[in-house]
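When the chains are written out, they are named A, B, C and D in that same order, and each has its own residue count from 1.
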């Protein structure tokens, strides 16, 4: 990196960090550049990656040529993409106030497709597979071996079973959390809290490493103070 | 027309995408792929609306010379700069050596990496403030966080080095992650799955219709 | 003095400070490293100031968040100057991943998906480097792709670094024969879905625009059925979750993953259900994997700072709680909001 | 030098697919042992012509070393044609890293076989039964709710607080922020968040409190505008709605976080809602909101972000609660019916877990297979 780009990157880095002290002009400039640059970045990416590469090239593909300029594979336009183009066009009708409501068709399509897809994907991956994973022989080390598990494995299996069961009870909405049911749900909350605590603890590590990366940039790449 | 047509579209399309899961035969086998492509095309069109809105709001600020209008001008300038550069440079805008790539490496990356990294500070201040053993629930949260944090770093191994193999802090952290944590995670996942099933059905059946601007 | 003037003075003094060191660097100044005595001194100072914060907190003075911030900055920054290293034990899920790679016969095809961008590089880049290096060492064929636009660029950085290494350079690996970078494809999980049908359809050309059919090592690769092992480096969506849901659940692919520490807890459920057969979680996973692969990467160097920062966070949690109990559980610290 | 060939080669149409794939199975060559002669298997295919195989062409090469059997899916087949296959064991002789000799042993020819597309994925029968049964319960309770029976739903803390939180903003004369996360409209969490926005907007309009919705996806902006506008007119204040209440910032995760952070510290809203899909920016946003003393209500189905919201917000909707929220807030019987229906599904699954575990303990494994989901 040449001097200018290093200093520019360092300027912007410190500008964002200065927000920690308080909101100030340096941060505001960095923020404004960030918003502008990133919005533009996505406009450009979506235009080339999605609109051009997907739609344009899909509908008007070029023949694949070999080095001699002969056609090895004739282009096969994918006319299904026109549906996508139509949906996109409908979306853009927002710009015309009178018929802007037509963009709802396109939204309706997207929301419908998303609902259908997510319904099945989550039912299988999140519900069925996880339930199957919970149904285990508690006391055997491998399937069909009877009651030969070490006590550690047995405890582990039982804790997972109890945690999953009580946690699900907590998410049961149509019954007041009172009495035995309420106590079960409370155990479920305990498990949820342990889950949150553990993933928080685990996350701390990740967050710190990001900072290490940035400090490494400032002290190593920019100022050359560390190895 | 304005309300009914979108409802019918949502219902039919939703049902179609449920059915495709079970039918390996063409054309159902292709629906998934098609939707991805279509969605990304719609996304590319829709961003025009967002970008114009950003420009409009910023321009209004500059025109009215509202407080901090100078920063709004910076937004407009940097947005136009990278957009024009990226569109002019063509399909290969990401190739190393282009102006777009220069902006990406020297402006975009430092900004987003730093914004990401200030999380480290927030994590520390949140732990200082929020993790108090106020009640049993909060205490469990705290204890789990504590053991995982200490067990996942070599310091934990040093402190508990005298313990027998399998009982050190690192093993305890792994146990918490693999057993109670995984159990809680599983309950959350199953709950989310069922929540999504119920919400999807509401949408497909047209009971939940806010997204298309329809009330009762 | 007006706020504006203060701000200008602050920026100016930072600039002067930076310039001094920058000129020093440009004129060939060497990096600093603390001698051992200074190292212990610094650690002592850090500990003393923590004690001071504890005393303040017990007295009921909730220290300002900015003090916490400064403290974190020092705890992460200073260890980078210290000449110390740490002992580590290998977690079973890391070992599992390593074994899974070792099980692959030479010539097997490994698909690596780079689903992250530069901000997550501190954690994932060391994993990428040591994993690719291990594959090359074991003579596995490496196919690279990305569901994030910047992923394949990160892959190239890792490749470059690994290929420069003597032992690997001696193998004289050829692009297109031993490894290939298919580049980025938009469409999130549906790309994976499409790859179950045909790789070529999703990646008609590689990163440089070379047609799929022109790449020798891909001539027998139609879809997942021709892939022996799949590895995914991810820092969010789309990432390992989607890979498991589609490539593993739908196509029965064998798979391991490297995740940022944030994502890792979610992945344990999949690890338990055997949907994954190996996991590297965060910097720790990266460092452990480096040890297994016997590779000197940044992971282990960063681990020292990591440990310090952990101790600091743990210390802050403890301080908060000690003060909370000593002040009769009802001080201003009682989880009330602080204004800063 | 030549190894013994593999044997027991069988071919069949690959089931449960869209056609175009054939499954080839074979048993290892007797020489396929550790440090044995076989290094690879080569798979050859020939198109059927008048009942006879035509020219065999190599389609794949697999490393040797499996224990008992090999399976390969040839996904390059054409439904219109029939194929023959054979597998060869290969010994490579290397010298200084270069291949100097190849010894091949061909198996018997297997086939012909022709790939077929199926109309139902048998492996997904359990998912089919699952969805049918959940839909039945949900529909049943929706129709019961329509007929006027009241349904009990337990209190959800975060949602009870919505009125109070909006009321506080009104008292303080400050605005409310609604952050709908990073997801786009192809994400159920975002769709759920947007429907909750409708209910929050109604309350805000009723109290005449300014609702600011900075978004990071254009399509979400379009949808959110529809919803907020509708909410305002529902409570009879269509004039108070302005399009720019819902405004786009940038599609970028941290660009968005930087901008929202700036807005929060400058305008100091009294109440902030975080609903939808969040990633790492969750804590940046929530801590900044916390630092200005705003009341914060969060909800997400991203397990990794939940702890941060729990730590920095006043109320947090956990996972499924986010999806139940719009129904809960609307108090509409039909919507509540769907929650009840999903609950019954949950109860059945809970019982199934217990029953299943008991079966497993006594060595009956078929039950848990009911929940298996077939892959492609």
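Some notes on this structure:
By our rule, contacts are C-beta pairs under 8 Å (C-beta built on N, C-alpha and C of every residue); 3 or more make two chains touch, one makes a residue touch a chain.
Treat the numbers as computed from the prediction; the structure is a model and nothing was measured.
Any chain touching chain B that also touches chain D appears here: A, C.
The most central chain, judged by C-alpha centres against the centre of all protein C-alpha atoms, is A.
Between C-D and A-D, more C-beta contact pairs are found at A-D. One simple way to say how far apart two chains are is to compare their mean CA positions; for chain C and chain D this gives 24 Å. In whole angstrom, the spacing between the mean C-alpha positions of chain A and chain D is 10.
Rounded to whole angstrom, the centroid-to-centroid distance between chain A and chain B, based on C-alpha atoms, equals 4 Å.
Averaged Cα coordinates give chain B a centre that lies 18 Å from the centre of chain C.
Of all residues in chain B, those touching 2 or more other chains are 18, 21, 29, 32, 35, 37, 39-40, 42-43, 46-51, 54, 68, 109, 111-113, 115-123, 125, 127, 130-131, 141-142, 145-146, 149, 152-153, 177-178, 181-182, 185-186, 188-192, 194, 196-197, 199-201, 203, 211-213, listed in ascending order. Those residues of chain D in touch with two or more other chains are numbered 18, 124, 127, 131, 134, 185-186, 188, 191, 219, 222-223, 226, 249-252, 254-255, 258, 266, 280, 290, 303-304, 306-308, 310-311, 318-321, 324, 339, 346, 349, 373, 376. Residues of chain C found to touch two or more other chains are 65, 69, 72-73, 76, 119-121, 149, 186, 197, 249, 262, 265-266, 269, 272, 282, 284, 306, 309-310, 313, 338. Interchain contacts join each chain to each other chain, per the touch definition above.
Taken in their complex, chain C has these residues touching chain B: 62-63, 65, 68-69, 71-73, 76, 86-89, 91-92, 117-121, 149, 153, 186-188, 190-191, 193-194, 197, 265-266, 268-269, 271-272, 282, 284, 303, 306-307, 309-314, 316-317, 319-321, 324-325, 329, 333-335, 338. Every residue of chain D that touches chain A in the complex is listed here, in rising order: 124, 126-127, 130-131, 134, 151-154, 156, 185-188, 191, 219, 222-223, 226, 249-252, 254-256, 258-259, 261-262, 265-266, 303-304, 306-308, 310-311, 318-321, 324, 339-340, 343, 346-347, 349-350, 352-354, 356-357, 359-361, 363, 365, 367-369, 371-373. Against chain D, the residues of chain C that register as touching in their complex are 65, 104-108, 119, 196-198, 220, 222-223, 225-226, 228, 236-237, 248-252, 262-263, 265-266, 337-340.
Contact residues on chain A toward chain B in their complex (touch as defined above): 1, 5, 8-10, 12-13, 16-17, 19-20, 28-55, 58, 80-81, 83-85, 87-89, 91-92, 94-95, 101, 104-113, 115-123, 125-127, 130-131, 133-134, 156, 159-168, 170-171, 188-205, 207-208, 210-211, 213-214, 217.
Within the complex, the chain C residues that touch chain A are 3-4, 7, 11, 14, 18, 21-22, 24-25, 29, 31-33, 66, 69, 72-73, 76-77, 80-81, 119-123, 149, 184, 186, 211, 244-245, 249, 260-262, 264-266, 269, 272-273, 275, 281-284, 302, 305-306, 309-310, 313.
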